[in-house]
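Order of writing sets the labels: A, B, C and D. Residues in every chain begin at 1.
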Amino acid sequence: MAFDSFSEFLAMGGHAPYVWSAWGVTALLLLATVWHARAEQRQLIKGLKRRARRANSARGNAQ
Amino acid sequence: MHSSLHGASNSGSSQSSETAQQVSAVPLREHNGGLMTAVKATLVRDLTLLLRRRGEVLNPLVFFALVITLFPIAISPDPELLAVIAPGLLWVAALLAALLSLDSLFRSDYDDGSLEQLLLAPQPLAALSLAKVAVHWLLTGLPLALMAPILGIMLALPAGSYAVLALSLALGTASLSLIGAIGAALTVGLARGGVLLSLLVLPLYIPVLIFGAGAVQAAIFGEGVSAHLAILGALLAASLMLAPWAIAASLRISING
Amino acid sequence: MWAFIHKLGSPKWFYGISAKLQPWFWAAAALLIVTGSLWGLAFAPADYQQGNSFRIIYVHVPAAFLAQSIFIAMAVSGLVFMVWKIKVADMAAAVMAPLGAAMTFVALFSGAVWGVPTWGTWWMWDARLTSMLILLFLYLGVIALRGAFTSRDSASRAASVLAMVGVINIPIIKYSVDWWYTLHQPASFTLTSRPAMPTEMWLPLVIMVLGFYCFFIALTLMRTRSEILRREANKHWVQELVAGQVVKVPAEEAR
Amino acid sequence: MSLCLQARQLACERDDRWLFQGLDLEVRNGEIVRIEGPNGSGKTSLLKILSGQLSDYQGELFWNGAAMNEAREHFLANLLYLGHAPGIKSGLSPLENLAWYQALSGESGNEDQRLEALEQVGLAGFEDVPAGQLSAGQQRRVALARLTLTPRALWVLDEPFTAIDRHGVVDLERQLVAHAQAGGCVLVTTHHELTASPLLRRISLG
């Protein structure tokens, strides 16, 4: 452990704004890309399902 | 959805092969070189076209002079300050002027259909496009290089660096034309390719800019310039070897729409 | 070998195999990044010169590595697409570009922030940062070019050519920028080049780099799968796949 | 040597839509093949594939029995393609335009040939006028002068009758038939109704 207490850890020896902003932006971007990829996938599958259901019901009506 | 094809070739093929036997055949040609003829004709054609529209040749030069005029006005007329920044200014302005004329390199050929014909010539497209790029350099890069010393005087460029300025620009703009032509070929099919072209090409220009402006600076400081010029030459050699293939591939992509 | 390449090229096969691989890469990425972060932030010793601001290295360097690697991966995918006409390669290249640009941005941002305690300024024309900035422009160019075409096939091929041209230029750009920097800033202090880093400093860095790579692979697999669904929406196998899931839904609703 | 352009199981997909699929096609000397179909049915794309401009297709192309990739140069040396745009530079005179086209295939040719070709398409007296000052029909005629100037066995013509007056249409049609009779081969799309001829074959798309 390089720090004696949690508050010292947060303070980063006076470099807190730099360390935490750099890490924060990185974390934010990584999480955002994951969230975006998930949202994209869900939306796509939802769209495809809607299409399939429409095709199904059209076939059902025809019969 | 139009997915099927009706009555493809079954309808008349048997009967037509009968007729084919009745008629004599047009002799097929063997492809017999003639690359030099084609390259020379392309050089002559592009030179003639550009020399008939002198405005297009002069515009980059006027642009170059204009941009150089803006800097003393915007920064300061102090000759000492100008002398320090002159190599960079001259190089950046020349680079932008060369870039300005790139968009038209393949555009008119694309619009009137002769690019299609160029692609169908039984010659290597790389060689033919190299001829077009050579004309671009001859009428843009070379005049810019020759004009730069005059603008150098106006920016109080220290004596002793004028020849290096012209030489580095002549060498460097040749690479710029080659690299830029890749971007021009990639964007020729796009309606508003002009800005995109700069976005694609400018990052690739940076090495040439570094060694070109570096050569002029080295000449001012009285250091040896041969290393810079050698690297500019090496960059040109590499561009000469690789760019024509990339240009040809890009043109084929663009013509597909 | 050929059979393998073409099997790999089939979107359907790729869709199946990536589903199996993906969770492993996500797990590895999460594990490595969490371990590396804790270690790097809390346990690694502070730098004797830079103090705790040096901990930015654990995001800056992995991001910079990834930024360059993704461009190379993109160009290789482009080459595979152009030579063997394997569409999955192009789909992967298409989804890699935004992540690469994001990583380049992370490297730039963390580098700039790091510059404040180190150089006392938000921006230095440092060789590494300048190359990164140029790399960002290269990424933006590829993304913009892909977006500019109306025909997807032309867009793919144009982006592939540009990525290949870019990847040939990256070493030249890097070399010339380094040369330019040493000329203008002789013997100055650079962010990450330091003599012999102690093990407890570089080990978390290695872990973070590996974690970022796993993250890149996992995300690329995931987004390539989405891209496959998008482009192959009209294909029979996609419709069957979706139909299988649709059948289940009414059954649940009926309960 | 006879001429034969074959396409097997040709399919062209443009952004998730099949223009055509499973197209088998064989074109031999002494034929005029007219590709028919409504707008957007892929006539131009088919001609571009058959003339080796589009590489984005499925299926195989053969030139005289050899795969197109290997025979490409020989194929191009025997091909004359005229597209939608005439490919005439407005800044050059008809003579200069033709000189470039002649040189593109490696022949230097001479001015008498070019003058004669221009005379045949009814452009005598316009030889040195910048093509930009000619009408659309006249520019098209300059392009058509290549048919006689640079003899090629295979003609691929995309809407060659566009902008041409009635007289020119008759001449051109006669020229197509003469070419086929002489053992050449013509692949053409047109909205103009071609006179029935034993040499004419139709292929419909869409």
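A few remarks follow.
Keep in mind that, in the parts below, a contact is a pair of C-beta atoms (placed from the backbone, for glycine too) under 8 Å apart; a residue touches a chain by one contact, two chains touch by 3 or more.
Just so it is clear, the model here is predicted, and its values are computed rather than measured.
For chain A, the chain whose average C-alpha position is most distant is D.
If each chain is reduced to the average of its C-alpha atoms, the one that sits nearest the average of all protein C-alpha atoms is B. Of the two chain pairs examined here, B-C and B-D, the one linked by more C-beta pairs in contact is B-D. Chain B and chain D have CA centres that are 30 Å apart.
Taking the mean of the C-alpha atoms as each chain's centre, chain A and chain D sit 55 Å apart.
Note: centroid distance chain A to chain C, computed from Cα atoms, is 16 Å. Contact of a single residue of chain D with at least two other chains is seen at positions 56.
Residue positions of chain B with contacts to 2 or more other chains are 256. Residue positions of chain C touching 2 or more other chains, listed in rising order: 151, 153, 233. Per the touch definition, chain D reaches chain B in the complex via residues 1-3, 17-26, 28-31, 41, 51-56, 64, 73-74, 76-79, 81, 83-92, 96, 99-108, 151-153, 179-185, 198-199, 201-206. Residue ranges of chain B in contact with chain C, taken from their complex: 182, 186-187, 189-190, 193, 196, 199-200, 202-204, 206-207, 210-211, 214, 235, 238, 242, 246, 249-250, 253-254, 256-257. Listing the residues of chain C that touch chain B in their complex gives 82, 134, 137-138, 140-141, 144-145, 148-151, 153-154, 157-158, 161-162, 164-166, 168-169, 172-173, 175-177, 179-180, 183.
Only residues 33, 37, 41-46, 51-53, 55-56, 59-60, 63, 98-99, 102, 105-106, 109-110, 113-114, 116-117, 215, 219, 222-223, 225-226, 229-230, 233, 238-239, 242-243, 245-246, 249 of chain C touch chain A when the two sit together in their complex.
Those residues of chain A that touch chain C in the complex are listed here as 1-3, 9, 12-15, 18-19, 21-23, 25-26, 29-30, 33-34, 37-38, 40-41, 44-45, 48-49, 51-53, 55-56.
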